[in-house]
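Heads up: the structure comes next, in structure tokens.
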């Protein structure tokens, strides 16, 4: 039942893949984001006040870049990987993620944590995410506290500026739970 | 001094075990919690405003399920494992954990971080936690801020409801440092 | 392209090294800090409101011990390692870190996250950090909220007391972005 050397090497590569997903999202690193998913990636994120879905890489990029734009401060850190192999070239992974967001334009903080369930496939020798979903452990909103001063903000430079953003209402749907800004 | 293939495989399994401990606690996944500990697990958690102890699996479940009940929002994320083998079937692990709690019934937030010292044993081919303790790096309490809106809360559904909770005053002892709610 | 057994073992040791860096910093464990870096370690931390530099182990210790002293509550948790080997005895690593600080003397919270870029070298059979730098993903300051009660604080005991602190203005430089306390 022990892992083989090949599997342990694969686990390391899959963990690096998730590392890049988190960093690339919070830094708006488009080339890195493009290197992470299969062309037909399936996405279903079930938040408390929203759901997000994407079908294919271009929709996923649309979602990620427009949800985490230049007025957003975001932190996605996936922890505690629990990965199993389905076959030599396919695996499933569970991660326990903490996330934190400040919507500067809305003056609103979102915080919480969630469980990712991913599926990975090896394609041309490289592991990619072919499906990903999450459910919330908990989620909370709070008005941006008046005393907070932002002194660094990478997405302000790298993220999509207002003129370049696209409507993603077909991908990111808010529900009645969303607090007013 | 390098790790063997068997040891690297064991390290991966031990890390998965801790992943399940964190997720199962915050989601009140009782079958998963039952799969993590030896029957005679020894527990000693030394917080700032409390101590928790348990002797054996049933006491540990009593503690976990009644401390993290349906009015609690909790996040336990253990990071940065530093694990050493004592023998082929026994290991010790240090983890640096961040935790965050909202006691909805008390209107109180607890936040901080802590160092877990675990001991693991392989039993019938599966790694289990046979002893676990922690000391705080720091701990802070804060009244639940009025502006916070909870929009997802898994323990509200899965956690023990008031009528089902048991007194755990023999396991979880609060001290004079505990701020009033 | 798969990792060798030796490399997987080395990756585990490098991850333990970073674990010790985080814990030793937040606990002021001086012997552990001394065991982590090469004598000629190069350090460049680029925050939003400050920069920190150190040239060599003694400067690094001066920086770490005097920046994280007995009036500071600190949490440094490096996550999501993405490590590549340059040679058999040299590697580069990227980590995505969350940090949180309360300066009790200033009544000020700092929070945020950052990307570490480290370089590691094997020396006398042990991996050490020979260079480390970071850039901020984001950083925020906030006045310490009045309702917060500290109930555990390891650095209050272990950290440098006021009489023992040294001026590190040559290592830690604040800029105009730093909010007044």
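Labels for the chains are A, B and C, by order of writing; each one numbers its residues from 1.
In the analysis below, contacts are C-beta pairs under 8 Å (C-beta built on N, C-alpha and C of every residue); 3 or more make two chains touch, one makes a residue touch a chain.
Quantities reported herein were computed from a predicted structural model and do not represent experimental measurements.
Mostly differing positions are employed by subunit A and subunit C in their mutual contact, as under half of the interface residue numbers are shared between these two copies.
To overlay subunit B on subunit C by their CA atoms, one rotates by 120 degrees, a value rounded to a multiple of 5.
Rounded to whole angstrom units, the spacing between the C-alpha centres of subunit A and subunit C is 26. Listed for subunit B are residues 5, 8, 79, 98, each touching two or more other chains. The touching residues of subunit C, counted against subunit A in their complex, run 1-5, 8, 11, 47-49, 79-82, 94, 96, 98, 112-113, 115, 135-143, 177-179.
Here subunit A touches subunit C in the complex through residues 5-6, 8-10, 12, 15-16, 18-20, 22-23, 26-27, 73, 75, 77-79, 98, 102, 125, 145, 147-155, going by the rule given at the top.
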